[in-house]
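First subunit A sits with subunit B, and in the next complex the same chain sits with subunit C.
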Partner chain A sequence: MTNVLAMNQVSYKRNLKTILHDVDLTLETGKIIGLLGENGAGKTTLMRLITGSAKGKGTVAVSGDTVIANRKSHISFSEQLHGFSNSTKLDEVIAFYQRVYADFDPKQFTELCTFLQIDTSLKLSSLSKGMKEKVIIALTLARRTNLYLLDEPFSGIDSMSRKKIISSIIKWKPENATMVISDHYVSEIAPILDEIVIVKDQTIYTHRPADSVREEFGVGIEAYYESLYEGGVQHD
Partner chain B sequence: MTSFGTMFRALNRNKFSLINQIFLVELLAVVVSSLWTLVTGHFSSMTLFYSFISWGSIAWWVAFILLSRKNEQTFMQDTYRLVPIGDGGFYGANVLSSLVELLYFSVVQAVVLVITMLIGGMGNVDSDMHAFLNGFFDGSGWHAALSGMPANWPWLFLGMVIVALGILLLVWTTITLIHFLTSVISNFLPRGRQRVVLVILYIVVIWLVTRIISLLVMLYTKYTSGFVGAHVASQIYLAAGAIVILLVLEVVANIFLLKKWVETQAN
Partner chain C sequence: MQFDDKVPIYYQIKNHIYHEMMTGQLAAGAKLPAVRQLAVDLTVNVNTVQRALGEMIQEGTIESQRGKGNFVTTDTTRIAQLKEQLVVEQLERVYQQLHALNLSDDEIITSLKQYIEQRGQQHD
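Up next, the complex of A and B:
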């Protein structure tokens, strides 16, 4: 198996505070990875370092590319659409994605819209929080890339829709692509995870196959994850 | 990878609708103020022309300010920064799309002014405007205007266009430079009292950038004053040269900051 992501000695500081240090992380192709950690642990920062949105020290390679502009073409990130005003229609957002991302698959997007019951004639301002998250998921998964970064994609989505999306996520992911999901609904995403990466103490605390947690510790992913924090030092 | 042309078109689309919205608001203001003039009994054939002149100049500044704001927002948003394009291409597409939209707005204004001037001037045979337009159309006005101009007037005109466009771009690149420097420096300062720190930082950075620019202009003037003499053309071209040099320096600095230091706003 080849590696889709290789981070080597990556560190990041902001406002005189170390957010992440000495991050070494290698992810293989074709996996679904749960990125876990408490609020403020640095999960979003880790994703932003991969996309190049945050500037840290060390090297990051995605599909072998270390140059940020090239790296971006291999990554689909669940961006919050802040660049569009609330009066923008979804059709215009879709047209933008189609225009700037050569790997955007309109057919897959239409299928995702049908599956998630998204009305593309609406304006962004008329979407509920959950519906906006669904749009973001659809836009992110409609691209055909090597690495998908989903940063808390299910916040605001009702539990029924959340379970429906999680159970079908494997269907939307290209076979050789890797998907990193950062989420607090650990028990709900646990069944689809191949590996877990836990961010704690400003670095990668552990990175292991999900099955090994169940086999070695005899507990579920959520119980294992929570046990790491019991009595541990809290970082915000 | 996304091409420069694709990025330019994508960014231009947003700005195009912004400009059209400003123009629609301007039209509304002209209609309302003209109706008011009609009600008060002061309406003349030139009312629309003068109304467009006054509202048009306000609208132009609004367009300029909103495009400047849009430029800076675009640099800091993941929606645009995640597009796979080099930083130079991204920077160029953003600034160029703003310039094109401002020129489009200026051309629309000019066309509207000419139309309202023709309607107003031709509508009143006793007016000065009517005489001016007659001279314009029978060619006598042209001959009189051109005979008073120096022989190299096309080059002078070209020089003035370069200076005008250069100043416009220079204002944008300077705003971006101040924005980028402030954003980068604030990342290295402690988190507490960020608002106060940012205000102080903006003042310091603005002061520093304007000092450096005026120093560069002074140096340039000092070394080129010997070539100028009394020729208007050489003065214009030397000014254009100074603007182009400053512009290149600022663009290089901005692209470097964008590539190495400037982060987007987090989700």
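Up next, the complex of A and C:
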């Protein structure tokens, strides 16, 4: 098993405040990982440290590459389309992706659009929250990379869209690619996770196989995750 | 398929396939769907399906044919063994629970008999 990600003693401060410290995290190829933690725990920061859009102390290697420009080419990160104006048509967004990312696969994108029932002639402003999330997923999964980072793809969307997104992850994630999905609502994605990483107390609190939680403690992922937070209160 | 999040998913996938084998939805020698298709159908991780199938290949309930896919074993003795194993697992569970209620072995047999007779009448 080779590693797609190796983070070594990574720390990050913003305005003198420690957001994450002493992060050691190694992820193997081909896995789906649930990145769990409360709002503000540092999940998005962790993803930005991986892509290199946030820089901290320590080393980050993606597929063995530590140089940020190279790292970015190995990563497909679910960006929120903030860089586009509301009047932009989806077709134009797609054309942009194709121009910027050499690994963008238009055929795969078309398949994803059919599956997720995305109408690419619409403008960004006319998309519902759920539809926008589906577009982001389709754009992210249409790139052929080693590492996919999905930042809270299920927040604020209806359960039908959630199910569709989960199915598209199972269908289209390349076998050798690793996917990190951040969420603070665990129960729906729990069955598709190989491993869970819990961010708590500004660091990686736990990293273990999802089935080992069930096997060793006889509890579900959500109950386990909640128990860590309840247990943590006593230390404060 | 609905999963119990407290039980390892690979274990539940195995039980799901066993169930299909016992009810004849997957007959002896039948071809199983491709791994990714199974993952999509059950809404689970491909790796977890692979783990479940790997264990079933090890125990001989399914057979892997290179380049062709996975098939339910045609070994009827093995299927009969599996059925017995599943029955024993269920009986063990019921036995333990009745035992925990302080029923003796004789009482367990009597109450099971009674239960089945009454159940039969209700369903007639």
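Here is the rule we go by: the second predicted complex is superposed on the first by the 229 of 236 C-alpha atoms of A that agree within 3 Å, B and C clash if a C-alpha of one lies under 4 Å from a C-alpha of the other, contacts with A are read in each partner's own complex, and residues count from 1 in each chain.
Convention: contacts are C-beta pairs under 8 Å (C-beta built on N, C-alpha and C of every residue); 3 or more make two chains touch, one makes a residue touch a chain.
Just so we're clear, the structure is a prediction, and the values are computed from it rather than from any experiment.
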Practice task
Using the superposition on subunit A, decide if subunit B and subunit C clash or fit.
Solution key: fit
Practice task
Check whether A:Gly30 is in contact with subunit B, with subunit C, with both or with neither, and answer first, second, both or neither.
Solution key: second
Exercise for the section: Go through the superposed model and pick first if A:Gly64 touches only subunit B, second if only subunit C, both, or neither. Expected result: neither
Practice task
Look at the residues of subunit A and decide whether subunit B or subunit C touches more of them.
Solution key: B
Handout entry: Partner chain(s) touched by A:Gly218 [first = subunit B, second = subunit C, both, neither]
Key = second
Exercise for the section: Identify the partner contact of A:Ser73: answer first if only subunit B is touched, second if only subunit C is, both if each is, neither if none is. Expected result: first
Problem - First, second, both or neither for A:Pro106, with subunit B first and subunit C second - result: neither
Exercise for the section: Would you sort A:Lys171 into first (subunit B), second (subunit C), both or neither based on which partner it touches? Expected result: second
Exercise for the section: Using the touch definition from the top, say if A:Gly40 reaches subunit B (first), subunit C (second), both or neither. Expected result: neither
Completion exercise
For the superposed three-chain arrangement, angle subunit B-subunit A-subunit C (C-alpha centres, nearest 10 degrees) equals 160
Fill in the blank from the handout: Once superposed, subunit B sits from subunit C at a minimum Cα distance (Å) of 28
Problem - Touching both subunit B and subunit C, residues of subunit A - result: none
Exercise for the section: Report the residues of subunit A in contact with subunit C in the complex, numbered from low to high. Expected result: 30-32, 163, 166-167, 170-171, 173, 175, 187, 190-194, 210-211, 214-215, 218-223
Completion exercise
In the complex, subunit B touches subunit A at residues 1-2, 6-7, 9-10, 13, 73-74, 77-87, 187-191, 259-267
Practice task
Could you pull out which subunit C residues touch subunit A in their complex?
Solution key: 3-10, 36, 39-40, 43-48
Completion exercise
Within their complex, subunit A touches subunit B through residues 14-17, 44-45, 48, 51-55, 68-70, 72-73, 75, 77, 79-84, 92, 95-96, 99-102, 151
